[in-house]
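Right after this note come the structures.
Both of the next two complexes hold chain A, though its partner changes from chain B to chain C.
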Partner chain A sequence: MIVLGIETSCDETACAIVDDTRAIRANVVLSQLDEHRPYGGVVPEVAARAHLHYLDGLIRQALEEAHLDLGQVDAIAATGGPGLIGGVIVGVMTAKAMAAARGLPFVAVNHLEGHALTARLTNDVPFPYLLLLVSGGHCQLLEVEGVGQYRRLGTTIDDAVGEAFDKTAKLLGLGYPGGPLLEKAAQKATNPGRFELPAPMKGRPDCDFSFSGLKTAVRRHVEQLGTPTEADVADLAAAFHHAVGQSLLDRCDRAIKAFKSRHPANEHGGGRHLVVAGGVAANTYLREQLAKLAAKRGLTFTAPPLALCTDNAAMIAWAGLERFRLGQTDGLDFAPRPRWPLDPNAKPMKFAGVKA
Partner chain B sequence: MGQSSGQSSTGAPADGPTIALGIDTATSVCAVALWRFDPATGHSEALAARAEPLSRGQAERLLPLVGEVLAQAGLDYAAIDRHGVTIGPGAFTGLRVGLAAARGLALASGRPLMGITGLEAFAHAAVHGLGGPLVPAGWSAPAPLLVAIDSRREDFYLQAFDPAGRALSPPEAVLPADVPAFAARFAGPPVLLGDAAPAVAAVLAAAGCDHTVAALAPEGPALAVARLAAMATPAMLAAHPANPLYIRAPDVTVAPPGAGR
Partner chain C sequence: MPQALTLDLPDEAATANLAARVGRLLRPGDVVALSGDLGAGKSAFARHLIRGLGDAEEEVPSPTFTLVQTYDLPGYTLWHFDLYRLTEPDEVLELGWEEVIHDGVALVEWPTRLGPRLPADRLELDLAITGPDSRRATLTGHGAWASRLGRGFEP
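Right, the complex of A and B next:
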């Protein structure tokens, strides 16, 4: 079984082809970073134009790299949301048209489910598992019980982690996107304990996140410093990492307790994994911290390779394949969904409405 | 790739007629048409056409509508030799719905795609009587055709054509206050056409400028692109890639991180 997947929900135009032996036959990603960098963030109309401009060429490239003809593909999957609607429309219309022309099934994939199921593509992780989804737009803890079956344990009440990274990097004059730049700065810290920053939500009984206060605390330090030196920036970046790590660990530890009580480890390997996904999972420091926590709690820590943590189409093709083999396909009248929570039963959060 | 049997890469059958699918979602409609052209006899005809007045929801309706139009003509996707699509100007989302679908169809079938501006499509439909004969009250032959498309903003997208359908001006975004001066550039009271024709007529009437408004069935532009694609020579296909005509630069509003997620 071979599935072609398309991803156009943010600022990466991507196409990939995967099969049911978990082989990635092709994985083409075109980042629009250069188009958006001058604005310090993603401009929806610029993104939508770029997706339309590049997508069909990328699909041809993926088929060539996989040495496949569309006649050998069993289904076409595309991100159907959530995301920037102009881009989602480009991917969905292209996929639906390809499916129609070839009489192939079309699968609309929830972008978040793509991230959530990546560990099954890369590491064959059995259900159920605990997932920490951390990216520029998301910060959630989810129990992944099956394809399409999610229970949200916690979510951010304000900023997402990646958003906190971007905003903090901007405060420190590091540029965009913030994650890799902040990490690089933190590695140069000579006195990482010099600044004290709060670990948001630590000790709270729920599993929710908050990062807006942390950003404010960084701003206060920057203002006190006046013009921070390179050493100040490095030490602040390290303090920021430490605070984010403390918060994530505390929240995850609570989620692990809840997850274990509902899903005791079983003989099929279920209930044994802590999976981290999303762009922030590319952060080496946070990965190490989470791996240590998982080990302490007797869980296997799984993080997909970095290239599959950030937005890509292999995860969309894989989630499409998982849905397709369960007989779940979508009609050609599928309407792109700007908002699409993984757990429709989770209580809406004031800010989480747009983040989760 | 490609399902072609006995076809050249230009989608022109080695012998026999060419069938083209036309798509128009750039002008406040969701419209699909099928056109058949037989180069041996010169016979050219519409096989089927449907238009729904939709300014939203085209992403849901377009492909089911293509299926319905094919069924109406007793054809399937494999029968489509060529594709035509309106490339704008118009609502950005609408024009991308049609362009992404048309590019997807062309990619999957390995058959050609031709892009035509919505302005040209209206003019071509008017000149060839697609979507109904063009008989506005007071029509006098040498009058210029002035095609007006709704920009969803303050201005109009305008282009003038002669009665044979040849462009007299490039596509332009024109503010209402500048419309009378725009119309005065062309000899004779204009015949207005397009989804913004009533609004432009109101501006001209207020300025005391003589004009007539033509009525055209909403499937006119879809029929026009299907006809143009069916009859195009390989050189004409190559000269009309399906690239969007936005006219307006993007609004630069940075999305909040994770917007909509």
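Right, the complex of A and C next:
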């Protein structure tokens, strides 16, 4: 079984082909192509026409890399949301057109489900597992019980983790992208305990996140310092890592308790994994901290390789394949969904701040 | 002549109050331009405003990554933009800008990215950090907002 997937929901234009032996036959991401490398994904593909301009070529390239023609593909999947509506429409329309022209099934994939199921493509992780999804745009803790079955334990009430990294890096004058630059700076810290930053939400009974206040706390230190020296920046970067780590660990630990009580480990390997997905999983410090926590709680720590943690189409093709082999396809009347929660029953969280 | 008004906000509750007052003035076609440094509370202000008008428990995530988040409120759709990542003003058209200024309400962070597309009729709100939790808000009414601001904030 071979599925072609298309991703156009935010900054990336991407196409990939996977099969049911969990082989990635092709995985093409526009910003990773040589001619686009100078931009490094910094410039968002706001323009639907930019996706439109490149998508045909990317699909052709993916088929060439996989040595396949469209006749050998069993289904076409595309991100149907959530995301920027213009981009999503381009991906969905292209997939529908291909499906209609070739008489192939069409599968609309939730972008977040793509992230959520990647660990099954890369590591064959059995259901159920606990997922921490941490990226530039998302920060959620989810129980992944099956294809299409999610229970959201927590989410951010303001900024996502990746966003906190980017904005803190900017406050410290480090540039973009914030994650790697902040991590590099933190490694040079000579006095990592010098600045105290709050670990947001630590000790709260739920599993929600908040990172907006942390950014403001960093700002206050920068203002007090006037012009921070390189040593100041390094120490602040270390303090930031520590605070984010403390917050993530506290939130995850709570989620692990809830997950284990609902999903005791079973003989099929279910209930045994903590999976981390999203670009933030590339951060060595946070990865180590989370791996330690998983070990302490008797869970296996799994993080897909970085190229499959950031936005890509292999995850869309794979989620499409998982749905397709369960007989879940979509009609050509599917309407793109700019908002599409994985767990429609999740209770919106209350804001930590004061109400008017 | 633009009308300006400066308010000292001692804590987040005061910010929330101001957001609720501004929210009550809004009607379809309005544009509110939010400015202030990183961490000044632009998104927090927007969150209070949106919750004041709709569901008090509405999720209002940061629009930084997605560039825009929309909310169906009683009477109109509110679009919460963060234009920081735009590289040129015309890109905003791709985000549905013409539809917004026709019958929606726009809360815009980083409005300077709009360049010449910044509407003449607009309410500007600038937040300055004056302490750990305190802020100073400066509201400026441009065009038709000059008189609306005065009426809206009469004691």
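One rule holds for everything that comes next: the second predicted complex is superposed on the first by the 332 of 356 C-alpha atoms of A that agree within 3 Å, B and C clash if a C-alpha of one lies under 4 Å from a C-alpha of the other, contacts with A are read in each partner's own complex, and residues count from 1 in each chain.
The criterion applied here is as follows: a residue touches a chain if its C-beta (ideal position, glycine included) is under 8 Å from a C-beta of that chain, and two chains touch if they have at least 3 such contacts.
This structure is a prediction, so every number in the text was calculated from the model and none was measured.
Enquirer: Tell me the contact category for A:A335 with respect to chain B and chain C: first, second, both or neither.
Expert: Once the two structures are laid over each other on A, A:A335 reaches chain B alone.
Enquirer: Kindly classify A:K215 by the partners it touches after superposition: chain B alone (first), chain C alone (second), both, or neither?
Expert: A:K215 sits against chain C, while chain B stays out of touch.
Enquirer: Regarding the shared-chain residue A:D56, is it in contact with chain B (first), chain C (second), both, or neither?
Expert: A:D56: touches chain B, not chain C.
Enquirer: According to the stated criteria, A:D158 is in contact with first (chain B), second (chain C), both, or neither; which is it?
Expert: second
Enquirer: What is the contact status of A:G103 with respect to chain B (first) and chain C (second): first, second, both, or neither?
Expert: It touches chain B, and chain C stays clear.
Enquirer: Using the touch definition from the top, say if A:L70 reaches chain B (first), chain C (second), both or neither.
Expert: In the superposition, A:L70 contacts chain B only.
Enquirer: Looking at A:G136, would you say it contacts chain B, chain C, both, or neither? Reply first, second, both or neither.
Expert: A:G136 sits against chain B and chain C alike.
Enquirer: Once the shared chain is lined up, is A:K170 touching chain B (first), chain C (second), both, or neither of them?
Expert: Only chain C is touched by A:K170; chain B is not.
Enquirer: In the three-chain superposition, say which chain, chain B or chain C, touches more residues of chain A.
Expert: The partner making contact with more of chain A's residues is B.
Enquirer: Tell me which partner A:L84 touches in the superposition: chain B (first), chain C (second), both or neither.
Expert: Both chain B and chain C are touched by A:L84.
Enquirer: Please write out, lowest number first, the residues of chain A touched by both chain B and chain C across the two complexes.
Expert: 43-44, 46-49, 82-86, 136-137, 159-160, 162-163, 166, 338-339, 354-356
Enquirer: Contact residues on chain A for chain B in the complex?
Expert: Listed in rising order, the residues of chain A that touch chain B are 39-49, 52-53, 55-56, 59-60, 63, 69-71, 81-86, 89-103, 111-112, 135-138, 159-160, 162-163, 166, 331-336, 338-339, 354-356.
Enquirer: In the complex of these two chains, what residues of chain C are touching chain A?
Expert: Against chain A, the touching part of chain C is residues 11-13, 16-17, 19-20, 37-39, 41, 43-44, 47-48, 51-52, 55-62, 64-68, 70, 85-87, 91, 94-96, 129, 132.
Enquirer: Sort out for me which residues of chain B touch chain A in the complex.
Expert: 1, 3, 57, 59-64, 66-67, 77, 80, 92-93, 96-97, 99-109, 243-244, 246, 250-261
Enquirer: Enumerate the contact residues on chain A facing chain C in the complex.
Expert: For this pair, the touching residues of chain A are 10, 43-44, 46-49, 82-86, 136-137, 155-160, 162-163, 166-167, 170-171, 212, 215-216, 218-220, 223, 338-339, 347-351, 353-356.
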